[in-house]
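The same subunit A turns up in both complexes below, where it pairs with subunit B and then with subunit C.
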Partner chain A sequence: MTTPITLVAAGSALPGDAPAPATLRKVDHRGGLPSPSVDALGAKFGTAVKRVDVVWGETTVVVDGGRLQEIVRWLHDDPSQRYEYLSDLTAVEFRDSEQPLEVVWHLRSIAFRRFLRLKVLLPRGTPLEVQSVWPIYKGADWLERECYDMFGIRFAGHPDLRRILMWEQYKEGFPLRKDFPLRGRFSRAEQLRQALAANPEARYSMEELSIADAFEDLPQEMRARLRSGEKTGE
Partner chain B sequence: MGLIHRPEPDVVSYDPKGGDGWVTTRLDFLVNWGRANSLWPMPFGTACCAIEFMASAASQFDLARFGMERMSFSPRQADVLICAGRVPFKLAPVIRRIWQQMLQPKWCISMGACASTGGMFDNYAVVQGIDTIIPVDVYVPGCPPRPEGLIYGIMMLQEKVKRERGADTSLRNEMEPDPTSQLYIPSSAINELSEPFGNSVNQTRSGL
Partner chain C sequence: MATIKRTVEVELSTSGMDAQGRPVRTPLAVAADGSTVTVAAPPAMEPELEGEHMLINLGPQHPATHGVLRLVLELDGETVVRCIPHVGYLHCGFEKIGEYRQYNQIVPWTDREDYLNSIGNNVSYILGAERLFGIDCTPRATVLRVIAMELSRIASHLVWLGTTCIDIGAFTPFLWAFQERENIYSLLERWVGARLTTSATRVGGMAADVPAGWTEQLQTFVTLFPKTIDEVERMLTRNGIWVGRTIGLGAMTADEALNYGLSGPMLRASGVDYDVRKDFPYLDYETYDFEVPVGTNGDVYDRYLCRVEELRQSTRILEQALRRLPDGPVNVDDHRVVLPPKSKATSEMESMIHHFKQVMEGPRPPVGECYVATESPKGEKGYYMVSDGTAKPVRWRIRPPSYVNLSAIPKMVEGHLLSDVIAINASIDIVMGEIDR
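And then the complex of A and B:
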């Protein structure tokens, strides 16, 4: 699953005598040179690569949502790519209600000093669901939860897809969607009533604590409660 | 800056030449004098106001002059809750519980525009004034208030403490929230308090 890491000397992109990467000085707005990963992606996945944009020297690849996990897995594992770092995961909704939602992954290859932006388009009227990259990048866990919390996009294969910023019983919808009113859907009193009904201690559920490595360090009494199967998460 | 000077109530009479060696005063005066000059703060800092609060507590402005050098990070040993910064709805039950854990006598200072009114965060996530969750004694305006502002608020609170009467036990009654809604004040009052104002008055709840 993980490739062994070869140390790369500072100033050279590839082990051995490959040319050193240079910082680009004059970058065109459009039509710059795409990342070398684009050709490799095209050769490997063919029609799953739908569109390639190069804006300010950064490459954006729109890919087929159905093969996303396969593509990201290959980008992560293949020794010629080695995108070992998921620096961000987010979504974009446009004001034009005809335009599809976009889910965006920012991948970075530390070994090759490359950056690649992947996008999947979710057309209107279809269920907002994409494949999770959690099996590849464990750091995607909270990023996908945040994306779900704010946009309502479901990530198939995520182990624990819950709200993360808003409380779990939040009923008003998904705040970063364009059809969400700025002040929320409910009256202020109702919002406050619902917020006050939340239990502040339920933030960390016993289930979460039970899978923590620190289980043995928990107080005796808490361990006993966990063993008896007590659940505090809502 | 400064408080309007009011003459101290003449309640201490002591004649050093009399040789009696005793002092008379009102019990209220003595108790309030002690309380007002040893208000231990429970800092509830969530945003930039907390930075100004830290500046107030540090050597330049020196809250120790007011007997407040001892920050009580446990609500059970605190006298005054200083809410410095915006409170999102997710924190509403937390600050409510902290307030309920504090022992009487207790007071609350709402520091800054966000804590007092929601400030510029007139959105789905932020409580529009902590007085919709807990009772507030002193509001300090500012975004964020300078330490002088906070200290002025603290001195106003000290004045308030000094005017309390021990005979008035209602001051120390714990407010009980409505058991069904958990709110201290009626829903209509909260909605009215949270009405948008200023530039945001033209925004509607209905659409974008």
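And then the complex of A and C:
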């Protein structure tokens, strides 16, 4: 039996006439060439593309949050774009409390060796909600959960949006928001009191306890407590 | 088109596996001429057991979870039906703390997230910070950084190799791997003074140049190290037990792996030849002669083969880097970001002002943002930084490769046995410090 493992000298799917990739040097702060995908996006989606910035050689496209999923799906599926890889998904809150929150997607087209940053602005006073890209990239699952956990941004269409790094009973809010103090919202004494008062049994979520008989095996009192929803962190 | 240099053909000594890695059922009867005769399978003897699913809690305190990972497993007999991972036990808010630190002060935090690859993280982070400042490092620093990244890749893969061997039940390669890792840590100790928490980089250069005689020591390591790889390969690659416990486990197809956002050896074992060093090069990686191993089946065994081959390729890069290491300064000549020499700071007015501004306020990048990705041993490690023109970043985001890789574990362990969960989890090469941050 043979287990093949091949050694590849360079990326295979590069179009024939494209220049070989090279280390970026002396990148301009602003005013570099935008990604070739920008024109295609503008032609396809028109006004849904709100702004295009090129900073340090990277193209940022600010798009309409209402059409985000449609745009990402097109970028993913269209044979001339093929952004098949979601590098990262995160959010930015500025120190200036007037500036909108930004949700940021970093997409890669491995076939064309392109990189694109998509942004949706969430102005102050509007609900912090954007469309989920989970139906397109399964890798967005934990990234969106983390973004929700840290910023409180809800992703509509995510199948299981709950806290991931903080525990489900966490009540102090969303740690990466600028109004969240570095040391946490509660005093050390209060944090300790809550930690000691936590029910160790509640470490299983309802979903886990519903597995087969495990839930039925619990004492009546604990079942009632878990049914009353002793899990959400909001 | 890809240049396929060579194909490593591995003859396996185990006869008990078919091409997909499933155990081959030995036919019950052999005819007189040697051909096998198909015999109908015996009727099922066991009654169907329904609804008897069991809930098993693996971790967070379990040696095979490589830290504090908790997996809640729903089992049907010994088969995993569903896996619900829980992470966050090690969360320390690195990204939050980074918003209160100057750019050089963040470097020590990068040691502590993926602590098996600390000097590699230093370099990745500082590449992002330098992009934000708009400076390019000196030629000597470029090569030194390549050396740092590849040394740390080797060290990280060696820990992966050793701990995975222990998880699967092989003890000897663990000792060999850790002995070589010790050599790397001695090298790092001579260079930057620390073994694990290196903090080796600064905006504009390195904390220290390598000491005299260091390159000779590295040359010795580079010469001797391939022997250890050969020994480990002789021990494992055709070992029946190793193969039996790794082939066919946790397989991901190329499309699935891409869609789940896997990166590094996890993605390449599935047959996608995406390596940041090749596709989006940094630190002049495009000028080094090395190859990227790509697997086909995307299972635990292919991931092992990919990582072992990466050890060899990293050694090749180290050799070339040693040959081309130029003389010259390691820090850029720009005293807005690099401290002037102390003697000048106490004797020249301008240097003193630079010194004061840097120490009291910290270097300030212009308003902007950048996402710089590098190939860490775990995969695509990205740093996304946003500056509003002050000395501290508005947002410092780590793109953790093992976090995204781990998110695919429910998919990978589904339908496998409980004992295989350990092997699959080991093959992801997780570091909880990086996942929880």
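Convention: the second predicted complex is superposed on the first by the 169 of 234 C-alpha atoms of A that agree within 3 Å, B and C clash if a C-alpha of one lies under 4 Å from a C-alpha of the other, contacts with A are read in each partner's own complex, and residues count from 1 in each chain.
We take it that a residue touches a chain if its C-beta (ideal position, glycine included) is under 8 Å from a C-beta of that chain, and two chains touch if they have at least 3 such contacts.
Computed from a predicted model, the values in this text were never measured in an experiment.
**Student:** Contacts for A:Gln169 in the overlay, against subunit B (first) and subunit C (second): which applies, first, second, both or neither?
**Tutor:** The answer is neither, since A:Gln169 touches no partner chain.
**Student:** With the two complexes superposed on chain A, say which partner A:Leu192 touches: subunit B (first), subunit C (second), both, or neither.
**Tutor:** In the superposed model, A:Leu192 contacts subunit B only, not subunit C.
**Student:** Of the two partner chains, subunit B (first) and subunit C (second), which one does A:Glu93 touch, if any: first, second, both, or neither?
**Tutor:** After superposition on chain A, A:Glu93 lies in contact with subunit C alone.
**Student:** So, A:Leu182: does it touch subunit B (first), subunit C (second), both, or neither?
**Tutor:** both
**Student:** More residues of subunit A are touched by which chain, subunit B or subunit C?
**Tutor:** C
**Student:** Counting only touches as set out at the top, which of subunit B and subunit C does A:Ile110 meet: first, second, both, neither?
**Tutor:** Only subunit C is touched by A:Ile110; subunit B is not.
**Student:** Across the two complexes, what residues of subunit A are contacted by subunit B and by subunit C?
**Tutor:** Shared contact residues on subunit A: 165-167, 175, 180, 182.
**Student:** If you look only at subunit A, which of its residues touch subunit C in the complex?
**Tutor:** Within the complex, subunit A touches subunit C at residues 1-12, 20-27, 29-30, 55-56, 58, 60, 84-88, 90, 92-96, 104, 106, 110, 113, 115, 117, 137-143, 146, 150, 163-167, 175-176, 180, 182, 204-205, 207-209, 211-214.
**Student:** Taking the complex as given, what residues does subunit B use to touch subunit A?
**Tutor:** 89-90, 92-94, 96-97, 122-125, 127-128, 132-133, 177, 181-183, 187-188, 190-191, 193-194, 196, 203-208
**Student:** Quick one: which bits of subunit C touch subunit A in the complex? Just the residue numbers, please.
**Tutor:** Result: residues 1-12, 17, 19, 51-55, 72, 74, 82, 84, 87-88, 91, 93, 95-97, 100, 131-132, 134, 136, 247, 256, 258-262, 272-275, 278-286, 291-297, 301-302, 305-306, 309, 366, 368-371, 373, 380, 382, 384, 386, 388, 390, 394-395, 397, 399, 403-404, 406-408, 411, 436-437 of subunit C touch subunit A.
**Student:** Please output the residues of subunit A touching subunit B within their complex, sorted ascending.
**Tutor:** Answer in residue numbers: 165-167, 172, 175, 178-185, 187-200.
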